[in-house]
Structure formats: C-alpha cells, structure tokens
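What follows is a short report on a single structure.
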Amino acid sequence: MSESAPTSGNGNGKAKGKLAIYWAASCGGCEISILGIDTKILDVAAAFDLVMCPCIADGKVRDIEKMADGEIDVCLFNGGIRTSEQEYMARLLRQKSKCLIAFGSCATEGCIPGLGNLHNRQEIFDNSYTSETHSTENPDNVRPQAVTEVPEGKLHLPIFYDTLKTLDQTVDVDYYLPGCPPESPRIWEAIEVLLSGNLPAKGATIGENTTVCDYCPRTRKNKKIKEFKRTWEVIPDDETCLLEQGLICAGLATRAGCGALCPQVNSPCIGCYGPNEGVEDYGARFLSALASVIDSEDPDEIDEIISKGIPDPIGTFYRFSLAGSLMRRGKRPAPAATSQ
Amino acid sequence: MKYAYYPGCSLESGSAAYDKSVKAVIEQLGFGLDELDDWNCCGATEYFSQNELVATSVIARNLALVDDRHDQLVAPCAACFLNLKKTDKLLAEQPKIRGKVDQALAAGGLRYRPGRVQVRHLLDVLYTDIGEQAIKAKVVQPLTGLRVAPYYGCQIVRPLNGFDNPEYPMKLDEMFTWLGAEVVDYPVKAHCCGGHMTQISEENAFELIRRLLQSAADYRADLILCMCPMCQLNMDMYQGRVNNFFNTKFKLPIVYFTQMLGVALGIDMKKLGFGKELVAAEPVIRGKLEGQTAAATK
Amino acid sequence: MSEQVFEPKIVGFLCNWCSYRAADLAGSARITHAPNVRIVRVMCSGRVDPSFVMKAFSLGADAVLIAGCHPGECHYIEQNYKAMRRFHMLRQTLKAMGVEEQRIQLVWASAAEGQQLAEAIDKMVDEVRQLGPLGWSGNWEENGERIQALEDIVKEHEQAMEVTA
Amino acid sequence: MAEKIGVYVCHCGSNIAGKVDVEEIAQWAGENLDDVAVSRDYKFMCSSLGQQMIEDDIKKEKLTRVVVGACSPHLHEKTFRRACSNAGMNPYLMDLTNIREHCSWVHKDRSLATEKARALISAAVQRVKHQEPLEPMYVDVNPATLVIGGGIAGLQATLELADAGYHVYLVERLPSIGGHMAQFDKTFPTLDCSACILTPKMSEAGQHENVTLLTYAELEEVSGSVGSFKVKIRQKSRCVDYDACTGCGICVEKCPRKVLDTEFEAGMGNRKAIYMPFPQAVPRVPVIDQDSCIWFERQKCRACEKLCPTDAIKFDQEDELIDIEVGNIIIATGWKPFDSKKIPQYGYGRLANVYTSMEFERLCNAAGPTNGKIVMRDGKTVPKSIAIVHCVGSRDDRHNPYCSGICCMAALKFGHLVLEKTDAEVYSFYIDMRTNQKNYEEFYQRLLGEGMRFVRGKVSEVTDAARMPTEQGKLIVQCEDTLIGRQQRYPVDMVILMGALEPQEDARELGLKCGISCSMEGWYTERHPKLDPVATMTDGVFVAGTCQGPKDIPASVAQGAAAAARVAGMITKGKVMIEPIVASINEQACSGCKICNNMCPYNAIEFIEETETSRVITALCKGCGTCVAACPAGVITGAHFNNKQIFAEIEGALWDALQPAAESSSQAETVPASAS
C-alpha cells in the first residue's frame, strides 16, 4: 500500500493528491499543530486536495464511502478508538487510503484519553454523568443510550467501549507521527518526506532515534536519587539535569522531536513524544531506568522512596502510553462467558 | 512522634516515687507524656500463665486505647513494658489469638492493628530519643563522686528488646556517665532479683537478693539504680531481712533511676519521691554530693 | 461445570549464577516442586527488564517470578540491588493497574539453595492458585456488543444513502 | 528468510523419558512449531552418536538453528556448541533448554511435566530464531601475577609461581610478610615450631629473583581484565630508604619511644616508634610509625637519623603510587580476630585475666613478651587453673553463624602447652569438638590422656561475683554442663576466649576493586564451592586461604598452591577466551543521559565528552545486562540476551496461555465492511 509515493501535485503538472485528516478520541490539538506549519499550509494546499477534515472543512462520510479503495493518498488520523463510530471511521479511512498515518500521541499510543483504560465504561459514565461530581448537573441521571426508539424506527448512538484502543490495535497503520501534539516543524518534515517519495519502511515512526536529553542543554553528572521530588516542592536550578535534582523528568526515555522545550523552561519532560525507536513499552523502560538509580539497598527504604515520591505510578510512567503499552489497561473483570 | 504514657498499677501504689520522679523529670526535660485514659492492669507476670487469651485481651485493651495522635506507648515498669510488647508481637504473629482478641476488643467498641503502637521503655526513650546532648545540657547538679550501680533486672532487656544488649546491658550505665556519676560496672546488673520468689521460697529469694547487694557492695557502690518496682521492692524492703538471714550489714539505698536523674537535673528531692524507700537514700546522696561541692570549693 | 484444579502459568526469570543453579541443584537433589514455573535464563537478575514481566502478563502468564543471588552476593557484585529497586517500582506500578502483589515475586536463592527455591516456588504457586487466573491477555474486547454496533452503523449508512440517492 | 531449525529432545536414558513424553514432544514440535525442519528424540544426545546426529542434520538438512532439550546448560552447553561448530554452524545459534534438572527430575505428574517440557522447547524454538552468530574474543595473558597478602597462603602461591619461572608482585599491608602464622608459637597437631617452618619460606620469597616484594603497601586501584590488569599500588611511606637500609637495627635499638604493639604482639608487648615487627621480619627494613614518633609529634629527637650508618632515615618520604601490569591476581588477604568485647558477659577488657586466643599465643611464644612463661597479667603469678571458652563469636546467631574451624584444635594446643609448662588444671568449654582432619582426632585423644578437662556447654558468663568463699578472688565460669544437665560454676585464675575468625574489615572494599563478591559475612565467594574453590566469578582473579573462609594452615597452603597452579595454567596457555556475551551501545542514538554509566560495577561504560554519548569498553564488560535493562532509550543491546530473543522466549513459553479473546482477535474477526 505504501510502496508507491502518494501522487503529488507539487506544480509539476501532475494531478493533485487527496488528503484526509480525521480525529477520533482526541482533543483537537493535533489540528492546531497542523495549522502551526504557518504559510507552509499553502504548499500543502498546492499538493493536496483536502477531502476530509471535520475540524476545519466540510466533508461528508458518505462522500468518503463512495470513493474507490485507496483513492485517498494520505490520511492523517489522530485520536484513539473509544467508540464504535470511531472504529467504523478508522476502518473506512484505512480502506480508502493508500497511506494511513497514526498522527499524534492519541492515535499512536492512546495518550490522555487512554488513561480511561484504568476504568471501564460504567465507571467513566458514573463519573461523567452523576450530579455528585462538581462539574455535573444531571438531576434526572440521564445516561447516553446506544439505541433510541423513535416513531421512524431505531436511532443508534455509537457505543462507548470499555477499552480505548490505539489506531494500530484497530487497523493496519503505515506510519506513525508521535507527539502531543506533533510539533509543527516535525509535521512539515514528515509531509516533505511523503512528498519526496523517498518513503521509510512500513511501520516506521517518522522521527528521530534518540531521546529528549540529546537536545537538553542541562549538564548531567551523576544519577543517584535518594528522594523523588514533586514539581511544587523545589525550584530547580537551570543548569543541572532535572532528574539529578530529584524531579521526575521523562526526557531520558522520551523520543526527541520537541527540542527539549519543557526542560529548557525549568519544567520536567512529561513524555508526550512517546518511546524511542524499538522500545516496546515506554513506561517499563522509564520506570526501569528510574528505579535503577535509586540510592538505597534496603527494600523498605526503596519502597518508601517510591511511594513517597511517585504516588501515581501510572500517571507518571504511562501518562501518554497506557493504551499502547503491553498491559494496555487496568484490571478488568474477566469477560463473562459468551453465549456461544 | 507523640508518646502515650502507661504508668501501671505499681506506680499508683507501692512505687509512687517512680511515678512522681518520672513526671518531674519529663517535665524538666520538656517533652510530653500523655497518660492513657482509663487504662487497666497489665496482668503482671502471672496472668499469662493462667489464661493466655484473657491476659492478651486485657493488655490489648491498653494498646487499643492509644489514640491516633500517638504512635508510641511508654511504660516505666519492667513488667508492664514486657507484657505490652509481648502482646503486640503475639497479635502480629498468631492470627488465631488475634481473631479472638479482636472480638473481645470489638465488644468494647475497640480495635487494634498490631504494630500500630510502638511499645517503648522509658529508658529507651530517654536514651535514644532525648539523647545525650539534650540531657547533658540540662544537668544542673552533676552526680560527681557518687558511685551508682545500675541494675537492669530481667524483663527490660530480655527477651531481645532491640535497644540494649540482653546479656550485658549498658545503656543505663552510659546515661549516668552523662550525669557525671561514677558508674559501677558490676557483673550482676542483669541477674534476677527473685521476683515473686519471696512469696514462695524466702531462702531462695534472699540468696538472689544477697548476690545483688553483695556484688554492688564489693564494687563499693553508694546506691543501686532500679527500673522496676518489683526489683526495688525486693532489694529495699527485704534488705533488712536479708541482713538478718545472712548476718550481713548491707545498707544500700535502692532508688529509681528517674529519681537520680531528677537530682542531676536540679529538681527538688521532695518532688522526686525520696523518703518512701526503707533504706534512706537522701543522707547518702546529700553526703556525697555536698562533700564533693565542699571539696570543690576548697 | 467440571472443577479442574487451576494450574497457574508462571514465567520465572532466573539468574545464570545463583538461582538457575539453585534450580539445577533442586533437580540433582530431586527436590520435587510445582511444575508451573517456566524458566527463562538471564545472566543476572539485573537483566530483568520490567517489560519482560509485562510481556509475560500480556501474553497470559498468571504470575512472574524473578530470582537472583542474595543481596551482597551477586555474581556481578551489586547488580541484584538494581533488580530489587526495579522490582519494587514495578510492583507498585502493576498494583496500580490492579495486578495483585503476589503475582510478582522476587526471591533470593544462592546456588546452594535448591530447597529454598523449591519451597518459594511451591508457596508462590499456592498463592497464585488462591487468586485464580489473571486472564489479562485479550481482555479488552467488548463482549460481543461491538460487532453489533458496527453492523448497525453500516446498516444505517446504507439506508441513509438510499434516501439521498 | 525463514530459519531451518533442528529440535533434539533427549531421553537421558530414563532420566528425562521417565517423566516426560519425549517422543510425543519431538513429534509435536516438528508438526506444530513454525520453521522446525527436523525434530528428533534420542536416548543420549550428549553421546558421540547423539552429537553426530546433530552434525549430520546441520550438513544434510542445511539447518540454520539448533535446539536441544536435555540437561542444564551448565553441564552440556559447551558440548552441543562444539557439535554445531564442528558442522560449520556458529555455536551461538544453538540453545540448550533444561528439561531434566528443571523438569523431569522435580515433577511428579507425568502429564504436567510433559506440558512444562513442551513449553520450554517451544520457548527455545522461538528464542533460537532470533539468536545471532557471535565470535568469542581472545586476549593475551601477561605472565606476571599479583599476589595480595603475604600470609602463608599468599607466600605459598608466590613461591610456586616464582619457582615456575614467572614474576610475582607480592603486596603486604604490614611492614613484614608472614601473616598470622608468624605470631604463633606451635602449630597443631604436630607441635612444630611455627616460626621454624615459616621463616625459611619468608626469606626465600624475600630473596627470590622472580619476586618483587611490596611490603607496607596496599592495593589502590585495579582496572583492565583477565590477561591484562593494570594495578595501582600505594607504597606507604616507611620514612626509611628501602635500598639504603642494611637492616642493622641500630635505629630501633636507640629509639627512645616505646609503644604498645597491638599488631604483632596483640597488645601483650611493646615495640619502638621505629620498628621491625619481629626479629625474623622480611624485609629487614624498619618502618617509622608516624603516629607515635617524637619527631612527627613535636619536631624533636631524630635519634635514628643521627645514628643511621647509611643515612637511610627519610622523615620527608611520601607515599608512592606504583603502577604494575599483571595477567592474574591472587587474593590471600586472610582474616581478623573477633572483637571479644562484643560479648561483654565474658568480661574481656573488664576482667584482667580474661585473654583472647591471640594474646595467649604471644604469651606462650618463647619469643613473646614473657619469653614463653605462662603468667597472669601481673607478670609473675602462674595460674593454677585455666578455662578455655570455645566458639566465642562463632556458631552464634548474634555474631557469626559459621564454625571458625580451627579453634577446637587451637584450644587443644593451648591445653597441651599449659599442661606442659605449668601444673594448672585446664578446662575446655565446648559445644562440639571438631577435629576432622588428618591426625586431629588423635591429638584430641592425646589431650584427654594428658588430663585436660572437657565440659560440654556454652558458657553463659565469666564473672568475678563470688557466691561462696572458694570463689573469692577467682574468675567464675558459669556454664550448663549439658552432659550431666546441670548448671555448674568453675572458679579459675585465667580464661582464654577462642574468638572467631572474621573477614578482614575491608574485604568487601578490596573485593569491589578486584571485581569479586563476598558472602553475607564477608568471605570471598569462590566460583564453585566444590569444583572450583580458588577461582572466582571474575576471570583472572583467584582466592586462597582464609579470605575465602576459615581454614587451617594445611588447607591455606593447599589453596595457595592451587591458585598458583591455575594461574600457571593460564600463563602457559598464553591466551584466554572471553565469552562474547557483552553489551553494546548504539552511539548514534544515545542521548548521553548518563543513567548507565554508574550502573556498571566494572566501570565498563565510559562517557565520551566530545560526542556526549556513552560507549561500552568491551574488554571490561562481563555481560550481566543490567545496563541493557536500565537504558531508558533502549539503545543498549545485550548480545545473546537481547530483548527480541527474550521476548520470543517468553512468547514461546506461554504458547498455550494466549487465550482466545472473548471475541476473536481483530486480525481474524469478520467485521462488517463499511457501507459503500
């Protein structure tokens, strides 16, 4: 599918290519980041016809459905798959696109919506729709219903899944573009790669093979940690490696691409660019590295250092990657024996 | 850390001097001991041999009475200390007993999770938590020239209490060197005083008491420091009868270590409960200390 | 329902120098123990990557055992301390995901401790048997509702198209 | 390209086949596992016919990978690697999985054992697909050897190697070689004069052309690895010019400052501020103890300097760092005596006539402070009764759980010496008499005959608190005589505490420098407790004598010689093979976060400042893989144990656990096609 370059229409008289941008379970930040490529958007417009982008342009699902398979050249798909409608769209766009790109953290590894995988649908709905939560006013306890009877027949709402899946857990994916959101310059670089026709191997992540530390100007000396500190507990100096000051900085485990934006403004990296090349499980890598440098040989003390400094291990190690991790989710009751 | 205080029955009666001096010393050192509300008897040594379950429940009640604001329970009496500590361990290690004790406690609306309260002996708290520097800083009347024989007895150091050598304890020795006393390193400091043997076989008990007095006297001690009401009672109250029995002439005052600590801290001897002992301590102490001051001023 | 005894599947990561040899010794001394641990040899318990453990769970293991030389006796001097630190971090993380603590255990066994290792394995198998199957792998499907919902969407879209066409 | 895997399942007679259905497993693997081209079972895979079968298949069937299901790789990994190698296949493309020790020998139920074996074979098949060809590395062996510790074990090792024609650097912390053995009077059970048998060896080492003696020196730093260690030795300042000194001893004679000798004389005698520890010291070059010398105290005196005929005294001499290069290291650092003050109820340090065993050795020694007269601390009274307390700090949970091994015999020796020299009664208080070497039991029987008295029981206290007139002025040993079941009190004049042998204080630290580990107590860990007692887990580092665990003189000598033989073997061979199981870093991808650098106890990961990345020094890497598991960027790879291999192995091991999901998995399911 990705063997040939998308047909490009870069003024060489060729026909323009077709581009789709879709969002599923995500926040919309990815689209904003696309707009962040600034005037380069004109080059994109010159090369592609935008056939779908619910965020900024009108486009009908039925128009896509009517297309021939593989008619779309490139689809940038952001967001994880949380509902049946999102899954339907993922399948549809897969079918109609030559090149499907998991775009941004949600599509590649689940991101923040993926943290919902620590719970199930019931718990998430309870939290969202009961009046007991401070932000909710729902005295009649109205809940979304998948099926509603109306005189004309049955109306369906998408069903909400217990588990959010990443795009590649749902359909075959050609390339990945990580980041929450992907940095605009990286987006443009990726588009340039696609336009060049010089495509990487299928399944590749379009990005660098090194981590944020490579771009971080702080000096690193010696990693030995007696105490993990929360960000509100210290004002770090702006010279030394944040981790060496006790702050849990994820830069060492996180793929480069952002230019070490956060550590440069005295804020620890939170890992939005996901794991480095070839790493199977971001959180496992990160926690292994971090645990290795705890400065204690006493099991009780180690336990205390961890529970004091890292009260929320999932939020720390899997903030962006729970759904895409080896474990995928929190414990869920075993599936009830199916009827068949 | 906040300390709850469990005085125990003896300190309310026979060894009121201990209670009085503990309170005076603690006040002088400026840290709080909050007496447990509505505590009950620890069952002493005997109850465990009679009925382990009831004994454990009775003691567990005291542990359960320690409220959330306190995580340490301090007992000055050796038997109370041992019983409380033993019970905590028993509950932690023997789920069967624990289940029954839990029921008993629940009937009184109480609950206790083993390990929640740390049982400490007063000596441990003074030695470890208050410490050398703080105590030395408050010494007003150094005990220079006074030869004291620290006596540990059995129950504070055995079985392993974790804060001193069970075979040959030294913490009280060390503490009294801080106070300037000449500490007598005599060999029987952790030998038995006879306990309740006085009620069963007087001769045997007298022999045990004699050995202690003899060794302290051999090492020219001026007085013996005690940490347990039973030990104090045996060596002090029975001293005369031991003398009659063996035809000896011991005249060794037996005082609580807190009383002497109080003297060093400059607390008025009246507030420390002196005078309740049968072999009078005050003249000996005054004699030694005043002699010393006189010698110094010369 | 036939009540078969649940035989947990446990993956054991054993270090080449101490615990693997302890298992060898248990063998030559014929110390019988539960057959539930499938042993993966690593050079050192320090090689055990937390992702190995998660991989095992995600593939259907009911528990994971990590065994190494005793602290201070590591063949590689001190690497088992790193294993210890990672184990604690990993256990807390897995706990937050809902994996019970008994399902991940760290055991020290020197090359001479075949008996101890066998006992530890038996104890662990017992504990995991009590907990029952973990059933992690594949437990993210939607119990049949999903296919129905997708069919509904296809059907609705087809009908809608007919109207407009 | 798919691999062609050969699977070989061994019956091991009935050792495996008795509990595991090997035929069925071999058949199953051939039919069910991908890429398995050949799958066979055989009676004895390790036999020459079994090996031949593998070799033939590799050649005929063009196998690219081999899996053997048999016994522990610790037994036959080398065998099967060789077989593969013979057939032209890289030996690291073979995996031996253990279905005997880990399976057939330890499980009762045949079907469960078979299931486990199946999983192990499946794991190996998955793993072997990802294995990569590796080439072992060879390094030259430097023929020089470093021996640390100049006691009897170290001396023996030194002389063996030097006599064989190899150079030895012998490093000793104290001013003279000789060790503890130089302090003893007699040796058990032969009652040889200790000095008489030791000093010839000392002077031989001192004069040997192949020995460089570095006394009053300590190991500072070790780098490198087997074959080529680089070692830094700190030569402490003697304040004496080593080459100029003739050892005449006039400086010692004229030195006005006497100090208590706590080392050689165990506190029983004095020495001067400038001293040689004992008359037969080697080398005969004195040392100035700067802590007690009057010149260092208040810039006065200099008597030694003025009187030295060769101007050898150098007050301004400084420590010197000496760099040497060696191929192997033998550690023979010995033991230290237990501090008997840790058991206060025995009264040592409080009751004058309680002695440690080392003190008593000096008391008996004809060259000792009393010229061998057994007298009490007052220097004149001959004791009328002596109690010897065994197991002081040994076989005691609160101190050391182990048996110190030599104390029973040393106590018997003391008993003999006392009975020979005095009329005193001698009591031995023992838990068990342990006399299990050649002629040891006979020596015990001899002492029984000589009238030494034995009380079986652990002494509860030694006290001066008399209970009856006969006890007045005596030391009373309180002990339950467990043979008659009674508490007894033994009034005696003198008590000797047979203190435990303990590891040197800095054993762990020295071990760390050389890359070897210690037991919980601090004894060095040998490579194998039975079959490899002098090698360690670090190639090129050997241990000898009591630093590995308490032992007597013959055993120490044997270990010294054994270690020397091992080293000589390596030197003769000239090259050593190093397993290629090492880590490597993809420097391009390394971000230089510095997580790994401190992770390595061998300092094998260097940080390159220019590129700000880390690199593995292959020669130093021991292949533990800890850095691989620690690298947050996943850019370190551990050869032969890389992530791909282990993931595949896990997957194989759980081949039967991959539960079919409640719905079929996404690949296989039939999802309604999108509307069109």
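Which chain is which? They are A, B, C and D, in the order written, and residues in each are numbered from 1.
By our rule, a residue touches a chain if its C-beta (ideal position, glycine included) is under 8 Å from a C-beta of that chain, and two chains touch if they have at least 3 such contacts.
Values in this document were obtained by computation on a predicted structure and should not be read as measured data.
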The chain pair with the larger count of contacting C-beta pairs, comparing A-D against A-C, is A-C
Report, in whole Å, the distance between the mean C-alpha point of subunit A and the mean C-alpha point of subunit D. 53
Can you compute the centre-to-centre distance for subunit A and subunit C, using the mean CA position of each chain? Integer Å is fine. 27
Just curious, how far off is subunit D from subunit C if you go by their C-alpha centres, in Å? 35
Which residues does subunit A have that touch at least 2 chains other than itself? 65, 88, 280, 285, 288, 290, 292, 335, 338
At which residue positions does subunit C touch at least two other chains? 49-51, 55, 78, 82, 86, 135, 139-144, 146, 150, 153-154, 157, 161
Topology of the chain contact graph, where touching chains are joined (line, ring, star, complete, other): other
Going by the touch definition at the top, which pairs of chains touch each other? A-C, A-D, B-D, C-D
So in the complex, the part of subunit B that touches subunit D is made up of which residues? 165, 167-168, 170, 185-188, 211, 214-215, 218
If you look only at subunit A, which of its residues touch subunit C in the complex? 61-62, 65, 84-85, 87-88, 117-118, 146, 156, 158-159, 161-163, 165, 280-281, 283-285, 287-288, 290-292, 294, 296-297, 299, 302-303, 306-307, 310, 312-314, 317, 325-332, 334-336, 338-339
Within the complex, which stretch of subunit D touches subunit A? 586, 588-595, 598-599, 612, 626, 629-635, 643, 647, 661-663, 666, 671, 673-676
For the complex, which residues does subunit A have touching subunit D? 65-66, 88, 91-92, 95, 169-170, 209-214, 220-224, 241, 251-253, 256, 275-280, 285-286, 288-290, 292-293, 335, 338
Provide the residue numbers of subunit D that touch subunit C in the complex, in ascending order. 72-74, 98, 100-103, 105-109, 112-113, 115-116, 119-120, 123, 511-512, 515-520, 525, 528-529, 537, 581, 599, 601, 622-626, 628-630, 638, 641, 643, 646-647, 649-651, 653-654, 656-663, 665, 669, 671-675
